[in-house]
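Shared between the two complexes below is chain A, which has chain B as its partner in the first and chain C in the second.
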Partner chain A sequence: MAKTKKLTGRKRDERIAAYIFVTPAVVLLIAFLVVPMIYTAYFSVFRYQIMRPDAMKFIGIENYIELFQDKNFWQALKNTVYFTIIVVPFQCALALGLALLVSKKFRGVAIFRTMYFSPQLTSMVVISVLWSVLYNANPNTGLFNSILTSLGLDPISFLNDENTAMNSIIFMSAWQGAGYQMMIFLAGLQGIPRDQYEAASVDGATKFKQFLYITLPGLKGTIKYVIMITMIQAMKLFTQPYIMTQGGPKNSTKTLVYYIYSEGFQRGNFGYACSIAAVFFVIVVCMSMAMKKVTTSTE
Partner chain B sequence: MKKAISMAMALTVALTTAATTVPVMADDPVELTIWSPTDTAAIEAWWEEKIAEWNEANPDIQVSREAIDRSDSYAYDNKIATAVTSNDLPDIFYVDGPQVSYYAANGITVPLDDYFSEEDLSDFVDSAVAQNTYDGSLYAIGATESSVAFYYNKDYLTECGVDVADLDSRTVDNPITWSEFAEIAEKCTTDDYVGAHIIMDHGEGLPYALEPMYLSAGKDYISEDGTTSDGYVNSEEAVTTTAYLADMIAKGWANVEPITDEFLNGACATMLGGSWEIATLTENADFEWGVTYYPVNDDTKEAVSPCGDWAAAISKNCENVDAAGQFLQWLMNTENVATYAAAIAKPATRISAYDEEVMADYQEGNLALIKEQLENTAVPRPRTPSYAVFSSAYAEAMTNIFSDAASTGEVDNDYIQSELDVVSDTFTDDYETYYAE
Partner chain C sequence: MTKSMQFSAKFGKFMFYFGNIIIGIIFVSPLIWMISASFKPEAEIFANMDSLTTFLPVQASLNNYAEVFSRLNLPQVFKNTLLYIALILIFDLLVNSMCGYALAKFEFRGKGAILNLVVALMVLPMEAIMLPLYIEMSQLGWVNTLAALVVPFIAKCFSIYMFRQFFYDIPDDLIEAAAIDGCSPMGTFFKIVVPISKTVYATVFILDFVAHWNDFMWPFLVMTGEDKRTIQLAVQSFFGTNPVHYSAIMAALVVSAIPMIIMFIFMQKYYVEGIASSGIKG
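For the complex of A and B:
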């Protein structure tokens, strides 16, 4: 009987300790995630000019009706989805390729790992400013156009042509983000037993077949995780268009988050911006759940 | 759910009030905080010196300043907007001229009429008073004005066969025309140079620097009473004016993506540049340069130039408006205006400031030209509470138009019309939603 009581006491202590450990995270999540989300949903049913919080007017779902008729919203959604669809496989493939390269043991491999990871350590704002110069349409200023003209080709208006602006941002973003995913893939690669490769090698499997039948299945969990986080990051694209193109030209790089910012802060339509944010939240949640379902069903 | 939200909001308000309502002892000094954009070392030093001087002389009103990054877009305005939503505005904040109406109409700033009499204001240039007045009351007061003029690289223009002596001899009654501007730009465009620099940034710089072109063509962006944009920013005159600018981009006479300090770095032959460029060029240019009056429309010959600069306003959150008013009276005295204007290399708003020794450079030469423009051709930007919305919509439209011209090498008037229609619709939508009676 006494033993049972002692166990119960320990269990209770463990439970209290668990609550103590969890409390800071829960409090922070509530303060900085749940409460803002509730506010966002609340403000989205008001006409609310950012400078006049005292003149808020309840308008029901008017903001949502306006939103679904707003061609800028659909354009921003299209741009966001396009960016996500292209950047996720491109960046993940690049990261996996880099991880395979630097997983080999050779002299100076640590230098390459550091080099590939270093864009992650630099602020996206700084990188965006630097790449704006690299992409500059004037061959006397922009490195890429300088190379193109030296090869006898015409310069390209990378950031000022609606056909190339988003692709230019995608390329830069993949370059910047691949280093982080590379490190995750690297950790995944180290978890694959070496003897599987040795056995395959003895059986005469080529390097490509080893990659196809050992590496890829071995990285399945890592790939799912990397795709999921890259997709969520991609949906939140803001800094690059804000710094490099201001959403232009012709709205070709205006993303949902950029549109929320411009409506809420530049134009002061805070209620309307909140309705975009609420819809954006639902879209991200749905995409994440769909992604999870797809990856689970493949197991 | 509604009750829970109300309780959460009430709790937030209660906590905020509890945190901010600190009992003030009778002999505690009033503390005032100022926000103004981060500036050059000379201006930062000026602020430090002046605030120390005030604090020493006025132990009962202690002032501190926070420099806020302005960036080249709307970063500073975003900071103000965020502070409004969090009820966290400083006592005094600097605001760009055309935004004065926006803040005043929304009750973010308070009138300053009690602190600046008509006699005081008669010493300020008309454009500065007009820009800072909304609905008959003065809402901001600034020490400096600004202007934009036509700069040219004399060495390079001479090489290209442009009559530099003719440019040097122009007067306020006989400035160069748009077609002369375009002619020079065409003549001076080579593989290494572009003929002109006409874009300043992706923010307020665009409507600020280009407005005189529209005015000279006969139509402002917005009606004089600040209520209507339809038939103004999207008028035939506006389309023609915009097409002229886009044509310079399409023909490669001006860069759509200019490098920083393009003119100073010898990458362009001429530029429409701010009055502050005179100080930069005097100090750093390694070529001979000149400056003349803002170009005029070929048909109307109407001379107009930009003006307006940042000015100080007292926020609705200021708990001691009288103390803030007293501080602004002192901050805007003749000596302070003159030294500030000299440090920031901009023309002063106070006429008496030009008699001070530090402003002696404005008596002749390039700076006198700026003063002359300010006195004779300056027109403030539209005074309307929807200016912030107009400004960002116009900047976005112009960026689209210029990008289109650069990528296609052609000017599409229908496209320009459609973009300017969007600007007008955006303005109208905002004005009618929030301000129309």
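For the complex of A and C:
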């Protein structure tokens, strides 16, 4: 009798403790994630200029109608999708290649791992400033163009040409980010049993065949995860074009997040910017749900 | 082993090193150029672009660093940055680990709903909510104050999730034993569970430190006062401020990376494990 009483007392203590434990986090999540999320949807059906909050007016789906006819929106969406489609396979392949180079234990392996990881030790702001200087179109001041000209090639305008600006940002972003994904791949590679390789090499399988039939299938889950996080990160592209090109030349590097920023904060069209943000949110959520489905369905 | 096999193994090993060295050098060359340029006089940076000396700090001096220190109020900038990150991290580790523990070990009504909320909000991009969040900050009178940088970013779904996964694996026997000894649920957590969970705290600490050290967009929106700038804002504005001295800009970039490098040296194990484990569990 005494024992059961003690137990129910403990159960009650536990329940009280549970609410004390979860309340701060839940309150903060609701106040600063859920409420702003609801307000994004709410403001998106209003005409709302930040300078004239008194003139806020309900306009239904007009912002969305305007949005789907807005050339700049489609351009921003196109640029964002282009960046994502190119940078994801490029960066993931680069990361996997680097991981394979340093997956075995050999003398000096830690040094090479740190070298590949080192761009991660600086911030995206730092990297964007540095590469703006390196990408300078003038061969006398831009390192990359000086290398190109000394190899006898024509200089490239990199950030000053609408055909190369986004690709320049892609290349730099992949270089900066690959070290992070390399670390995830390294952990994935540790999970593949050694004896599979030994059996394969006894059977005379070449290194390439081993890669194709052992490494890649063994990394399936890791690859999907890496693609998912790289994709979501890529969709949020802002810092690089903001610092390097201000969205130019000719809007070729203006992304969705950049467009949210410039409409909302630079031009003060808050309601309209919220409708872009809502569309952006739906795209990102759909993408991650689709990826989740792919990741879980085949395992 | 035949001689030719020995040779081919040696040759393979040589090619392996050779490849690593070449790719490694190419990989770090932009950073080497940055560091070397930070020590050179302005005229010297672009003087020998076509020779390898562009990567070497010839005529090295600390003048550029002196210029950065005199033009940017670095002690203030570092104070601003480290203070806001420290405040976030203290509350982050406390609040999220408590929530993660409750979700892992307690039975209570609404547990499933909260867990679903945490997982669902993990994919919510900050960029999609920054406009109303900004309005919220200005209505609270927090724009240009520390609160705008700290309070909205204490609760983190990813941290809660990482803590929950870790605490879930702690054997129930241990917690039962503490309870039988008369420990309250809260006492059990702080006196028994926290001390044996240093790894997960260190991992969340370093992952969130790095994430906030790199923060750019949000501080850029809410911290407009010059004396309120964080390190990334200071670097970004220095890039566009006249006189544009590339040598000094490079020195500013190097200085801004130093705290991260120190963190990496001391916390490398947890940082790398944190990145890797996110892939295995996610």
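In this text, the second predicted complex is superposed on the first by the 263 of 299 C-alpha atoms of A that agree within 3 Å, B and C clash if a C-alpha of one lies under 4 Å from a C-alpha of the other, contacts with A are read in each partner's own complex, and residues count from 1 in each chain.
Operating definition for what follows: a contact is a pair of C-beta atoms (placed from the backbone, for glycine too) under 8 Å apart; a residue touches a chain by one contact, two chains touch by 3 or more.
From a predicted model like this one, the values you see are computed outputs, not experimental measurements.
Contact with both chain B and chain C is seen for A:270 once the two complexes are overlaid on the shared chain. Contacts of A:212 after superposition: neither chain B nor chain C is touched.
Legend: residue contacts after superposition of the two complexes on their common chain; A:199 is shown touching neither chain B nor chain C. After overlaying the two complexes on the shared chain, residue contacts for A:159 are found with chain B alone; chain C is out of touch. Looking at the superposed arrangement, the partner reaching more residues of chain A, out of chain B and chain C, is C.
In the superposed model, A:141 makes contact with both chain B and chain C.
Once the two complexes are laid over each other on the shared chain, residue contacts for A:52 go to chain B alone; chain C is not touched. By the touch criterion defined above, A:85 lies against neither chain B nor chain C after alignment on the C-alpha atoms of chain A. In the superposition on chain A, the residues of chain A contacted by chain B and by chain C overlap at 35, 42, 132-133, 140-141, 265, 270.
Considering their complex, residues 35, 38, 42, 47, 49-54, 132-133, 136-138, 140-141, 157, 159-162, 246-251, 262, 265-270 of chain A touch chain B. If you check the complex, the residues on chain B that touch chain A are 5, 8, 73-74, 77-78, 81-82, 84-85, 102-103, 106-108, 192, 202, 255-257, 259, 267, 388-389, 392-393, 395-396, 399-400, 402-404, 406-407, 426, 430, 433-434. Per the touch definition, chain A reaches chain C in the complex via residues 10-11, 13-15, 17-22, 24-26, 28-29, 31-37, 39-40, 42-43, 98, 101-102, 106, 108, 111-112, 115-116, 118-119, 121-126, 129-134, 139-143, 146, 149-150, 175, 180, 183-188, 191, 222, 225-226, 228-229, 232, 235-236, 238-239, 243, 257, 260-261, 264-265, 270, 273-274, 277-278, 280-281, 284-285, 288-289.
Residues of chain C touching chain A in their complex: 13, 16-17, 19-20, 23-24, 27-28, 30-31, 33-34, 46, 49-50, 54, 95-96, 98-99, 101-103, 106-109, 111, 114, 117-118, 121, 123-125, 127-136, 151-155, 157, 160, 179, 184-186, 189, 213-214, 216-217, 221, 232, 235-236, 239, 246, 249-250, 253, 256-257, 260-261, 264, 272, 275-280, 282.
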